[in-house]
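We call the chains A, B, C, D, E and F, going by the order they appear; numbering starts again at 1 in every chain.
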């Protein structure tokens, strides 16, 4: 298991492995929004929490599209399925590796982009907090989607469409935390719900994903 | 050449070919934004032109990531490079096929999503017009980016980072057309600039892309 | 470490390909599957490996005893030969990869990235993986494709050592495997009779 | 339709692999490249096909005369056998695919999607592509991999017809090609001597 | 130390941050140069020995 | 050695020899100018009557922005040289310049942001000049990412050179687009603090020293980086020979 985690991390850091690209995408998105929407600071401050959350979500999404696909293409997945570790464990480890290489850096970079989008000062802490609680759910849910679409050529977009609706609750509560935080309101409820979603998906979805993988292999 | 176009279109429409997925992504994004940003109609109307353009741009981007990669993987690209058609032509045709299967449907669907985002009535014509003029540039620029990253595993996100900055002028002028149109201002200048970018990229970038492809094949 | 297959029916895409396949492979024995292209060798191997369900029949073997090597070798292009092997060794909890590298003549290439190997070198690495799994039952799909004569001989001797240690090997191939003592099973006679696909309530006839 | 190669040096990843390769292939002749794994057969074929530049030497052949078939077959998984072939026929402006389907015994499979073919059937389709290109010079990298004996014989007879019509074929292989009259060129003697890679200002020593 | 008045934080932050970045960059270039140079020396010596030995 | 053209120095051996001689001087001069200029600017200049002590940030901000922009121009030229004349040193110089340019961009952005807080009341505004500068940063990122993603050195050199050319065109287009898109707060392109008033020599002199210092520092880092890249390539070449001999 640890070998698998280490391998995935190593692959991510190798040339072309994609580490940092999620970050880059997040940055680019934060630049595009004002260019499209206009440069008025007040409008930007209004939409900043939502845009930051959507950006984190998309960056996650894009980087997970080949979580299993690469292993499927080169035959590793067949071999992992016959290896002496449970497929559920494989899924969980891969989701963890994805979060470490994508989710965590996003959390760390989000405050910087908050500056670009004129995020109100009170909201920064809540932004980090909500992302820290919410992004693991994104990785796990994404792993499930990736397992469903493994083996499809150009599965990438199909994956987006399957996964984005599943991301909606996380997005709503996550953005809500930041919005309330920015206005100095109470954030306990959405925070708790966010934590609940993360815990729930981490507990259940690896099993569903392993099931989907087994079906896709045969 | 026509055979290539027909093949690409046919592949796009077959199961798993990715037609409609760009649309789906666009739709999902248009749904996510109100969820993340909040549903105040005035805010939405304010940001609608920008969001629609950004959505179109991202949908384009995501669907082009494997424009050449699939052909590279299965060896078709080697064979096309030795076939009696110029590689520049291959690039141009593939960009055209991409536009027909992604850009054009986006143009047709954009007004619908405009309703979701509360786009002011006067802007619909300009939205369609600007997308019609601008999306071909997105496909051609994207073809260039895809040619640069063909052969890289997980090229997808690298592609995003290379291509999104190149999309910026198109985005600025495109969104500007819609914004000005919504306010009843004169739109000739940005429209002309948009057309200029499209014409210029279509004239030059296929050559750069063919060069990149040749380098990548060797 | 015995593998016993009886009355196996296997299918691809809902079409039964082989039926009534039966054989036993005692420890130390090797069996070569032969048959024309498309007769179902790959399908049979994948079924026995547990990667797809059989339509009927039984496959008897100890749990966690099988390792499968198909047309794709399960290599990561950006990892080196040694890293690729070490990963599979770690997954299977076996110590050391040097013996495997040595056995498949890969020691010189240990630091090379898998993407820079030739077709035959890749295949040798794929075969070396079998050694680090430590599993007794090998299911191999055309293991000697792309190998030159020296490497085929190498594979033969590695397989012989494996058999001598009480392992077994089930292989599909059209060409020489460098393993003349292996029994041969021709699958032509097990071809499934044409009939409606099973399973969906017997095709609701 | 002659292919003449003289003094060719070719390299992979900056490493010269073969040097001084020279041969001529007159119309109607076939040449088989042999050599151990990793000696540079694939590299040589790709260089002659124009997919990568040579370090030195010349390759003489008429323009647009070469077609190359490598390890990958250039098939689209979701297109049928007939659609795949028809596409390559259209690209090369040749009429009809029936003869090619017939020749490689694919007529029965014409309506099957490429992703549902077995390894050997895929390879047959890849070979059928050669016929629809109408090109006289064939460069084939291990063309008979995964083929059963009947298909190897089929390939042999197709190749013979091609040669009889004045075509030529250059093939790399470790195994039987069903084409005994072909000359054999062993590449072992052309191995490049160890030296610094060329090109970067002679490695600025 | 000059009196930075109301902007002490801003100005010192700018100077410290920028100098840190410049120093970091220089250090990175220098360390990488040293490492690559050491590697090259090692390889050159080895290949010399192989030639003559 | 012949009395040949400039291209002589595109030969790695000659480049290594010459750059080895020049580098200590450039580095020393750069250190002197940067340290001297910043010291002068920080300790010896008066506060501006409207900007107070924040005016001292100019000695970091302007030179960094200058170098950031010109580093890209230099990469463009080097890329053209590589594509046209295929001198490897040019390609490697472009590769070595990119991280330096990127860090300079970060310094420009960072000091600007710190300056913006007291002057404009926000860290960041979507002013066209600032926007164009940020976009330049994105181009640096893409360029560096492409170099690091490609294994084969020559392929990487070709592709990044093409990206640099195309990217330059689009960066310029973006700049004009940004000016079209919004009117800005940022200073005009003359060395003036307030519109209309010429900058005083008390500021101008140390500023010039700093600009020279940053430029020299860029040069020194560029030379050092290029030397490193050349050495890395030579190691690779020797390793390949060793492997062939094995």
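We adopt the following convention: contacts are C-beta pairs under 8 Å (C-beta built on N, C-alpha and C of every residue); 3 or more make two chains touch, one makes a residue touch a chain.
Small disclaimer: the values here were computed from a predicted structure and weren't measured.
Steps from chain B to chain E, taking the shortest chain of touch contacts, total 2. For the pair chain C and chain F, chains touching both partners: A, D. Among the pairs E-F and B-F, the greater number of C-beta contacts is found at E-F.
The centroid of the Cα atoms in chain B and the matching centroid in chain D are 37 Å apart. Averaged Cα coordinates give chain B a centre that lies 45 Å from the centre of chain C. Chain geometry summary: the mean Cα position of chain D and that of chain E are 51 Å apart. The set of chain A residues touching two or more other chains comprises 15-17, 21, 24, 28, 31, 35, 38, 153. Listed for chain D are residues 13, 71, 77-78, each touching two or more other chains. Counting partner chains per residue, chain E shows two or more touched chains at no residue at all.
Contact residues on chain F toward chain D in their complex (touch as defined above): 11-13, 16, 88, 152-154, 230, 233-234, 236-238, 240-245. The touching residues of chain B, counted against chain A in their complex, run 16-18, 21-22, 24-25, 28-29, 32-33, 35-38, 43, 46-47, 49-51, 53-54, 57-58, 62-63, 65-66, 70, 152-158, 160-161, 164-165, 167-168, 171-172, 175, 179.
Per the touch definition, chain F reaches chain A in the complex via residues 113, 122-127, 131, 134-135, 138, 141-142, 145, 148-151, 178, 181-182. Across the interface of their complex, chain B is touched by residues 135, 138-139, 141-142, 145-146, 149-150, 155, 158-159, 162-163, 165-167, 170-171, 173-174, 176-178, 180-181 of chain F.
Of all the residues in chain A, the ones that touch chain F in their complex are 15-16, 20-21, 24, 27-28, 31, 34-35, 38-39, 41, 44, 115-116, 118.
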